[in-house]
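Two complexes come next, and they have one chain in common, chain A, joined by chain B in the first and chain C in the second.
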Partner chain A sequence: MTNSPSGPLRLTGLLLLLLLVFLLDIAIGSVRIPLKEVLQVIFSAHTDNDTWTYIITQIRIPKAFTAVMAGCGLSVSGLQMQTLFRNPLAEPSMLGITAGASLGVAAIMLAGGNIATLYTIKELGLSGSWMITGAACLGAALIMMLVLSVSGTVKNNVMMLIIGIMIGTITLSIISIWQYFSEPELIKDYLLWTFGSLGGTSGMQLVILGLAIITGLVISFFSCKMLDALLLGENYARSMGVTAKRARFIIICSTSLLAGSITAFCGPIGFVGIAVPHMARLLFSTSNHRILIPGCCLIGTILMLLCDVIAQLPGSNTVLPINIITALVGAPAVIWIILRKNNLRAY
Partner chain B sequence: MDKQPPLLQARGLSIGYGSGSRNVCRISGPLDLAIHAGKMICLLGPNGSGKSTLLRTLSGLQPALAGTIEMGAEGGGLSPARLAKQISLVLTEPVRDNSLTVYALVALGRYPHSNWLGILNDADKAMVHQALDATGMTNYAARKMSTLSDGESQKVMLARALAQDTPLMMLDEPTAHLDLPSRIQLMQLLHQLAGTTGKGILVSTHELDLALQVADQVWLLQTGGQIDRGVPEDLVLNGIFSAAFDKEGIHFDMTTGMFRIHPGQLKEIRLEGEGVPAFWTQRALRRKGFSVTGDPTTTLSVRIVLEKEQPVWIMEGKGAGQEFTSLSGLLNALAM
Partner chain C sequence: MKKKISAFNICSLILTGALLLNGCGQPATTAADSTGSPGGDSDTARTVIRYARGFTIEYHDHYKLLHILNHMGEKVDTLEYLLLRKDAALPPGYPHAQVIRIPVQTMVVMSSMHVALADFAGVADRITGLGSFQYIYSPIVRSNIKAGKLTQVGLDGNLNNELLITMHPGILMASSNPDAGSGKYKTLTDAGIPVVMNAEWLETTPLGRAEWVKLLAALTDREALVDKKFDSVEQAYNSLAQLGAGAKQKPRVIIGMPYKGTWFTPAGESYMSRFLLDAGAVYKWSATRGIGSLSLNFETVAPEALQSDYWLNVGYVDTKKEITAQDERYGSFKPYKTGQLYNYNARVNDIGSNDYWESGGVNPDVVLADMIRILHPELLPDHRLVYYKQLQ
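This part shows the complex of A and B:
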């Protein structure tokens, strides 16, 4: 009903674009592989060059899937935060979940500082290490528990927002203290992690990340009716039968699951969560979460893959950190949206 | 008086804020209140008397300090989902989401009735259209909320509450921020809705004169927490109305049902004349601090005569008799 006549057309266009960027993401990389060979590997899974097959199936396709999951998860959790807090600048990191994951990583990299852990990190690679991922998951879960326990006692969402931001700030300052007392070498390792990377997940990790993302997205889609009601504010939502605390609990759960797992596996990735929901609202011209959630997944995925393509710096061997690219692409997008709408009090 | 059981029955209700036994701020209570079907009740009271708190407590947004609230046959202690099928609300908080259309907002009113995805069936859609129709907002259905005026968006919120299709409807100061014609229109609409749909409607408002005209019953909440209930005219006649709102310099005029600014010292003046000119002359004289009487012994007098269908005012008792063709001239001469 709220779709303009060009709605299906836009959807088809976006799907085509998604396919294109997905292929592009797989086709481009530091090793030059002819497009024909790439397609051959994707569709028949075999080619004459074993190295190319390995690169495509073991590195590029997992990375593209990670990008898809990160794009979906971050955008949808951003959308949920913006609706829950009725704040256009809300993003997944708002509740301190991302900071919690960082705290876990910092605990391993900085505070421990003992030779055994450092050795493991060096041996297993920085972002691909189970230990790093595990610590990040633990940190995110810890902060999530804290936020959830607070959410049960807090009266309204504005207080929740402030407390979430405070918890995030405390967590980040604990990390800063650790950094202050750490060796420069260790700090550099930690900083590298904060740049984010889509390349570290493969095999089992991909499966675990996938499960977390799918669970988060399913919870989110099941709560789309509730999210619609929250657009009118907490009191109206309650008058329509929404249990405010339960709604908050469910939304924080799925957001934590999505943002926490992505941060744990890929490092902190900013701006996708804040920019994509705005793009989806503009593009689909609706507030209906039944449309916005899939819309966010679609746009988030395209944006993430596009950022990954840009990060490869086509034609060169350098790969830029993904977190830098998303900010470089995301920030102008947010500015453009604000200028175009020119009306943020509307939330 | 009312044979039917009430839609809402509150017994021993105490309202206020506070948690546990400490920091309890009790605003009013214990109260025994009832809302009957087809009745429009206006909740009046000065600022800070607790109108919103009472409304929020009755609608379940805020817990009561003590007492029970029962919803007709449904009983008390309802879950939010069941309560949402009993009471719909129009609140003071504005809704101005950029991409929310009027239709989408009104359709949200079907929330308690629609399936888990919020998809509307034909009956739901019919209800939404009916609600848009009743509030005269059908032509606005495709408009975005951010493009509406205050009066229009208030009607949309009313339509949303109608679409929720509940026996009870509560509105918290729905006429605030509206211009006079919109206020009258809205109150009139609510009055009609109570009659035609059989809903019990509770409206908190500051519109005393409007409330006197449209309310079937008035609940008058005093600053001390005391509540007086009754048919509006009864409350006027037994002086409760004027007692509640009389402040220094302001006076509730029982003969007109309006508030008047208290003049300081009254000078007496006699007014002769009929019809509309006499009514407005009387108002102008009162504003200037005259007490208008019909007493023939009063020295100062104004007589209204019609010349060629136009009123002419003749003033006597202050020097020589003078004639004026406008009230402004008369008032100027009286002031001298």
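This part shows the complex of A and C:
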């Protein structure tokens, strides 16, 4: 590992690996489709078997793209949180944004059991998956605004971190109260949502999720310099002309956008946000965000796609919730990397 | 737009069953005239359980012995209940049995199906407490709620024990899994409130599920009346099943709707799978094991959905538009394109309660007739759908 190739070379290697895993995710599933046919559908969008075309174009490809976006978004927002708070355990859900999205979803699903509410919502013409997604976005935005308004008055990042965790805890308690008084079937629906899923996003939703993720990633890429400066301490950052408050505002904005939109569409997916930044730092042996951000995107995406392949339990007819797999696969991977490198830097 | 139903409609439901029977050339039993007849309490009739596998009733000289069975693979776990007249002394030999004094005059129930069972036995007015006032269809129970005669006691796992002990109902009908035992309800059983663990939802056949009315019969000494009504349901169901299973063309059917990439569809040994078999449908997962539902991934069901003829029990949607609002990919399914989508939401009242989950459980013959009418219109040309309606 000492005479390792340079960052860009590793990025290229990862890119190739990503392509391979992406293809693997599309080629493998419950329904056995010959690789030749899969490639034919991908490159010419045509095969004699309509069912196969439907499965590949309507189910597997949207799912793979969702995995790519979730992988990028979650790991980059995790990296930003770890840098901002200079804490190796920081992750996107720290600020209560994920909890906010969950609150929005719980409001619809659990209060939806109240027939009057459900009727009102239907009268508004809102229904189906958009309602859930909209509610999640609203919940995430609400908590984000709360966090941002607090961040204006708080002096240092450690206090900000604690306040974020507290807000998240309060939000989750509200959901728990709601669950306690809800019908079991409604709780089941909500629970299923919290397990996370890449398979429920398609068509227009994919476009919107894509736009949100690209915007978030662009913001974070342009804040590379700010993030690098923050690593050297707030005082140093100030001497470089980066005001802590402004940096915090921008970083929280992009994290909220990334984590909020992914939670809205896929449910709260854990672990990727905390594990991937460490993998990236250890693999590239750098703290330069200009390399770490694309590195996180690539590793996050590869991990997410691999998890999706495993979650499908190739050859079986069931699918495991993605949240279980990310933790099962991610945790040993992080332990392995730490044991090999025997160090763990937060920044 | 949604008409409130009256007790008359309930009768007409049962009448429908009887009429269907006539159409099939079977001797019709007059079920309708027994509904709502005031009496019925007697202690001479003995009921026989023929379909349900979740409970047994034994008749002894001065008491009835009720066993609620929990099948766990080879093993069977049993809960024992002694059904005793008001002042009768405890017979020896049943140290662990809960004692229920019969005829039960007041009961607290937890689910729609419990309400339906009581309604069928003609004792819906003996319900004094409900887990929740939501999702109630029975006009008798609803008018009692309006009159303030009923108490809300909280759902399973969140029961208001103090309230229940104050009410002291003749029984509490719980819908937990019987293997939870009565440990969960120890406070109540210690206070002398018998907790009957209804497991009708674990039955593998529609008739087995409906037969739980006989449990109510035993508890209220209404065996004669309930047996008569159940016999007519049974006869109607069996002749319809013969009709459906004998159909020449067997359309392919899919059930339910995926949620977040997982499609919950009835397992092969569930009563829904049996309904489909009896209605003369081809259901791809009819040979699978299990009585609940299978959680399949979207990809596994998609090939079937793309080529199926009918899509039944779609879920919480009223229109075709709402299906594509859930996920536009569902628009590619063949039944969506041909419009062969049916949901069991024809009888939903003004507060959104669906009678399919209530009286549908004790009128499996009517549900089956609906399904046959949908899948094989030529076999029951005169039947008008009761619980089901086509999505527009």
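Just so we're on the same page, the second predicted complex is superposed on the first by the 312 of 347 C-alpha atoms of A that agree within 3 Å, B and C clash if a C-alpha of one lies under 4 Å from a C-alpha of the other, contacts with A are read in each partner's own complex, and residues count from 1 in each chain.
Methods note: contacts are C-beta pairs under 8 Å (C-beta built on N, C-alpha and C of every residue); 3 or more make two chains touch, one makes a residue touch a chain.
Worth saying up front: this structure is predicted, and the values here are computed from it rather than measured.
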In the superposed arrangement, does A:N156 touch chain B (first), chain C (second), both or neither? neither
Which of chain B and chain C A:K63 touches, first, second, both or neither: second
Given the touch rule stated above, what does A:S197 touch, chain B (first), chain C (second), both, or neither? second
Residues of chain A touched, compared between chain B and chain C (which is higher): C
Between chain B (first) and chain C (second), which, if any, makes contact with A:F181: first, second, both or neither? second
Taking the superposition on A as described, I'd like to know which of chain B and chain C A:Q312 touches: first, second, both or neither. second
Check the residue A:D189 against both partner chains and state whether it touches chain B (first), chain C (second), both, or neither. second
Determine, under the contact definition given at the top, whether A:S30 touches first (chain B), second (chain C), both, or neither. second
For A:T169, using the defined touch cut-off, is the partner it touches chain B, chain C, both, or neither? Pick first, second, both or neither. neither
Which of the two partners, first being chain B and second being chain C, lies in contact with A:I55: first, second, both, or neither? second
On chain A, what residues does chain B touch that chain C touches as well? none
Interface with chain A, chain C side, in the complex: residues 132, 134, 155-158, 258-262, 294-300, 302-303, 306-307, 317, 322, 325-329, 332, 351-352
Show me the residue ranges of chain B that touch chain A in the complex, using the header's touch definition. 59-61, 79-85, 87-89, 91, 93, 95-101, 103-105, 107-109, 111-112, 114, 116-119, 146, 164
Within the complex, which stretch of chain A touches chain B? 1-2, 222, 224-225, 228-229, 231-233, 235-236, 238-243, 281-282, 285-288, 290, 341, 343, 345-347
Could you pull out which chain A residues touch chain C in their complex? 29-31, 50-51, 54-55, 58-60, 63, 113-115, 118-119, 127-130, 180-181, 183-184, 189, 192-193, 197-200, 202-204, 267, 312, 317-319
